[in-house]
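Each of the next two complexes has chain A plus one other chain: chain B in the first, chain C in the second.
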Partner chain A sequence: MNILNQSLAQMLDFAAPILFAALGGVITENGGVVNIALDGIMRFAAFFGVWGASVSKSPWVGLLWGIGIGILVGAFHAYITVKWAGNQIVSGVAINVVAVGIITYFLELIFKTTGYSPTVPYFGSAVNRISIPFISNIPILGAFSNLTIFVWLSLFLVFGLNFLLYRTVLGLRIRSVGENPIAAETLGINVFKVKWFSTIAGAVLAALGGMALSIGSLSSFTNSMPAGKGFIALAAMIFGRWTPFGAMWASFLFASAQVLQFILQATAKGIASKIPVGFYLSLPYFLTIGALIGVVGKAVGPAADGVPYKKEG
Partner chain B sequence: MEALAVKNIVKKFPNVLANDNVSLSIEKGEIFAIVGENGAGKSTLMKIVYGLYTPNSGEIFVFGNKEDIKNSHDAIKLKIGMVHQEFMLIPRFTVTENIVLGDEPKKGVVFDYKRAVLEVKELSEKFGLKINPTEKVENLSVGIQQRVEILKILRRGAEILILDEPTAVLTPQETEELFKTLNALKQNGKTIIFISHKLGEVMEIADRVAVMRRGKVQGVVNKPDTSEKELAKMMVGRDVVLEVPQVKVEKGKVVFSVSGLTVKNTRGIIGLKNVSFEVYSGEIVGIAGVEGNGQAELVNAILGFLKPINGKIYMGMEEMKFITPYNMRTRGMSYITEDRKRRGLVLPFKARENVIMGQHSLYPFSNKGILNNQAIDEFVTKKLEEFDVRPPNGYIKAESFSGGNQQKIILAREMSMKHSFLLASQPTRGLDVGATEFVYKILVEEKKKSKGVLLISLELSEIMGLSDRILVLYGGEIVGEVMPSETTEEEIGLMMLGLKRKERVEQ
Partner chain C sequence: MKKLLVLLLVVGLSVSVFAGCTKKQVTVTKIKIGLVTDVGGRGDRSFNDSALRGLETWAAKVKYVQGGGYEALSDSDFTASIPDDLKDKGIAALNVEPVVLESKVQEDYIPNIQNLVEQQKCDLVIGVGFMLASAIGESAVKYPDTKFMLIDSTPADASGNSVDLANVSSYLFKENECGYLVGAIAGYATETNKVGYVGGMEIPPVLRYEAGYKAGVKTTNSKAQIFGQYANKFDDPALGKIATDAQITLGADVIFHAAGATGNGMFQAICEKGAPYWGIGVDVDMGLDPKLCPDRTVTSALKHVDLATFDAIKSVVDGTFKGGVTTLSLKDGGVGYAPDHVKDVLSADQISKIENLKKMIIDGTITVPEDPKAVDTWATPTTF
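Take a look at the complex of A and B:
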């Protein structure tokens, strides 16, 4: 495999967690609920996926556990923000903060370890990867010859979510609720139902993002997960103007920065080799900030995004 | 045949009894107008009929059957449609998407956009309401947006159409178009409920008129049996004299002037060209003109929101070098805004906070940065009474007051600030007769107190009635300066359309 294919494959690998979570943000926020809880949901699911895989010795069961916790956390977010029209930022921050504490505790409680979980069966192992050997030497296409099921799923979901949002009746209704819930209500659309759906669906996508970090590519859970990837995903969602394909390109951009970081680190010579590793590690984050400064001012999200909806009278 | 009847409807809100035992009966195929001042309970009643509010008691009959309308879904099923005062449209959706939302043509789960476009096209042809189905709503003028709203409810099979203040946002031409549409719908057998406080329009379009005041129905009259004057009297509860008594006040010195003012607007187009004029103490200078001919640029330049590319602004004799609202106000300017909700008030703040805003840092309202609540309350209570704000309770949020009372809160604030010059930008926009009368009274009082007033208004009758001197803006230029006693509405009308110019009157 040549270096181009290798880098591309690596980029897709890095992009998957960000992309899943960004897609989760896209569907939730198109329904008018701000979702800064992406990071926390990723952490919950990353851990629960590993836990499930460890209990059952099957990554598939881990996947189900991860999705299950995604639904639960999403339902919590929806309960606070949709049912009680609570502040969406407060609910999101709460989920993020709780995720940090409780998962650290669970890690020690269940696996009796700090920092790392024991290894479990995972989707990144050689047997579980989707291997297409005969394309492996074709430039660019070869990057797709040995990807995990998570990477493929993240790419398919871009098309799937795009179809859902822009081609189906449900998608039209989700977007209408995010733009003007009162108008939607006057047309007989059940705003609360739609918001419950989009919030939980978004949480499930974010959960897949969390598992893409753990059982999706690695054999264990590390306590630093997801290392702010949920916030990068949030940035990717904004950078991609709240659309699935936009989120995909933005995730690719941020993941490329990560790949670049490795390449620069590996090839650094002379003075460059004296630059501390931390600098390279922070490159993707700097890029995120830079991209946002350049774009955010102009990016316009759904009109009623973040506005709690209450029935009047 | 009776299309809609409400019987003994009562609706209480925390601070107000919005509907007090309201009963009305509306015939099929008529245009039925409900008039009343802002806050009289017209909109509340219609929101109850449309299921957006739940009444405390009372009954609703639709086509003879007693119905329990719990939400707008129920109303739609009963063939009731409503065009709201603030449009219920999604700007980023296309016309078609807006019209079919909630009842979309589909193939399985897929939204069949092509068929939707066809359906909308057919519908628009059937009722003679021309629109482009694939255009985005954000690109449409207000008149066309309203058309989309009407089509939206027609598609739901509406037989009873409720229009809440439909002309408030329209130009005269658009209003005429709307009236044609409404008459065509009437020919089609639709029942139309038309809510308004513009009596001239009601007299033009309605078959019967119900008048509401303070939550009660004052009476229902046939149009041929009534007049604008009588309706106004029923609405306000007394004779309304909108003609302003001419008061002559000795003209004093210049309190405000601009010279050679040229301003580019936010779109980069020159919106005001070489404008010069003075405002003397004890006079009202009226600026007439069709909207969009430089009024906004003039106001924004005076406030410092737009930086003039040329020209000077003076407060008294002092040239204003650094123009900000703060600097203008400390030199003696008060400002009645053209947009109450966005510029005039902080809506989620209480009335008392809105009244003292701008002087909150002064004695006695605060001392070393700490607010003196007792002094504020005393002052606000006095002011709310003086300006007849209803209810006179400073602890209610500004957004909960009706439009007229919001304007009175602004007046209470602006009049209580020390000033020599009043910038009144469309001070009666969207106000009912009673509140308009109140604003006129305040403006005349200002004149009597020897303040200089610059009155910008789109209502020509207002300009003619109040001003001592009239400047006509057209295309960003002053195309005429006339005295109201020496001109006619026709002459000013021609100048407003750029068809006539008139030399400035020698001072």
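Take a look at the complex of A and C:
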């Protein structure tokens, strides 16, 4: 039972960055803006989170810095794609490319090191974890006994975002703007304002994803971060049919397959040990494809997703 | 608006033209040594950094300044940079100038080499890592007058077949030998009789580490169960962390990685758990790296890429450069293990047994397997 709880906790920890970014994709794309920049925003925030934590010796300050850069990058994306109705893919790719270059440069400039930042105070250390000791021995529930604040936040945000999108006026407006902006405009909704909001909110969520890696699960910035997790999040968002709960299940599926394949690799005995490593490594991807074919069916996004909106006349 | 843009462009262009001029103040007397890193790049704390130490710190006696350029290195820093086990290898500054190009993606390898040969006119071009085998192989055919050095592999042609070229000197290492010794240490250090291994990708040097490690554990602790895993990535610490966490969950208490930056996640996991878990570093002495987990690093498998790089450069300076393969092993000090916390974990008797095993490998009594699949049928030495 201990193994189950620990594996489940590891799964949640590994899923958190992907889940945050996928939720960011969900809100941005429900508002009709394609967000291919998730990976780049994660990278910006992963670095700024570590920078803030290093300057102040407090992960909380790092968290604020990371959210700050998330707002800035999100505003840039909104400025290009909403204000000037620019191509959303081009803007997204630009953010990803700039993130690779400028963060590599900042890493050298600020920490005087290459490849890795120094280690900083982070949310995964024993003092900063949210410890609920009395449930630790209960099956399944015990997995929640010693998680980081990021994991809890990612879970709460699934419910929060679901409430926002489907139970509030703002959510209805976001979705209507993503489905049919002209109709929304005729009903008096300020399409631009809604798109600005959903794009920046999505960027902040992606920023949390980046920080869940650098100051949540790990305690330093690695120049390879986020190692493609933003793109996995993009897939999780589509796989989850642009809904918060769908994105959560997709992230969990991918993360559990990842944890499972490591356990299988480690414990393979007898005939199983003759199975090539490549089989285990491809397991998360096979499972995802399988679920996509068998369970999910056709994934249809918001109708006006990716279409730049311009006022007529 | 348009006029302003044109003006900006003109100014920008003319500035870049002048910028080009100032760069050409090169002292011609020095021998130019080019180096292409693999995608791990500068700062990988592993073999790219090790190769850079051989070139920049030792051969050129300079210090890299963050953001580009070099400054002179003081004598005391120079002496301090040479580890104890290499003090007798004749490492001294040579009259060379380093030109280092980093590769961000695999597609950078060939253009980087081309740049070093054609623009920089380097006398020797060093390719760091197995991943550069075919880039170096193809370039060496294209530029027969330039000398090449390749670390961790023999040069290969476009289809990946190993080729023999007169202008390429390849340096291989017996990773299985140092892997064996750290495995033997792990076999003694484990209290749960379960040890772990996290590999990056299944490429020959990493497989040799795995084979040696498993054989070593088997030698000192026949009861021990070994968990082995590949992350299939060298650059994802988050993946290394869950791989390690999975092994700890299964009961492993000593874990070794040969996974580049992915392995940093292993140290993160071990540092979080603290005692009684131990990590084993790879390629360089990771127990000396304050950014990893020095308190819980029992030992490191050492692979002196720095020494190989220095030797190759020296052979070019001395005019003794030869094509072919050089394999560095325990015998010539090319590989080894770091003392880190070995004394705190192993008894004096156990340490002397490790040293015995080392002697037996050097004198040929023990031949450590290179293929992980051969470990199961490999006969462990009974007296040591």
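Here is the rule we use: the second predicted complex is superposed on the first by the 282 of 313 C-alpha atoms of A that agree within 3 Å, B and C clash if a C-alpha of one lies under 4 Å from a C-alpha of the other, contacts with A are read in each partner's own complex, and residues count from 1 in each chain.
Going forward, a residue touches a chain if its C-beta (ideal position, glycine included) is under 8 Å from a C-beta of that chain, and two chains touch if they have at least 3 such contacts.
Because the structure is a prediction, the values reported are computed rather than measured.
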item: Fit-or-clash call for chain B and chain C when the two complexes are aligned on chain A; value: fit
item: Contacts of A:173 with chain B and chain C, given as first, second, both or neither; value: first
item: Superposed model, angle subtended at chain A by chain C and chain B (C-alpha, nearest 10 degrees); value: 130
item: Partner with the higher number of touched chain A residues, chain C or chain B; value: C
item: Partner chain in contact with A:189 - chain B first, chain C second, else both or neither; value: first
item: Which superposed partner A:303 touches (first chain B, second chain C, both, neither); value: first
item: Gap in Å between nearest CA atoms once chain C and chain B share a frame through chain A; value: 24
item: In the complex, chain A residues that touch chain C; value: 2-3, 6-7, 10, 13-14, 17, 100, 105, 108-109, 112-116, 118-119, 124-126, 213, 217-220, 222-224, 227, 229, 258-259, 262-263, 265-267, 277-278, 281
item: Interfacial residue positions of chain C with respect to chain A in the complex; value: 40-45, 66-67, 104, 196, 202, 227-230, 232-233, 235-239, 241-243, 245-247, 249-250, 261, 264-265, 268, 272, 291
item: Chain B residues touching chain A - in the complex, by the definition given at the top; value: 47, 50, 52-54, 71-73, 76, 82, 84, 88-93, 97, 101-104, 106, 109-111, 152
item: Parts of chain A lying in touch with chain B, wherever the complex brings them together; value: 167-173, 175-176, 179-180, 182-189, 303, 312-313
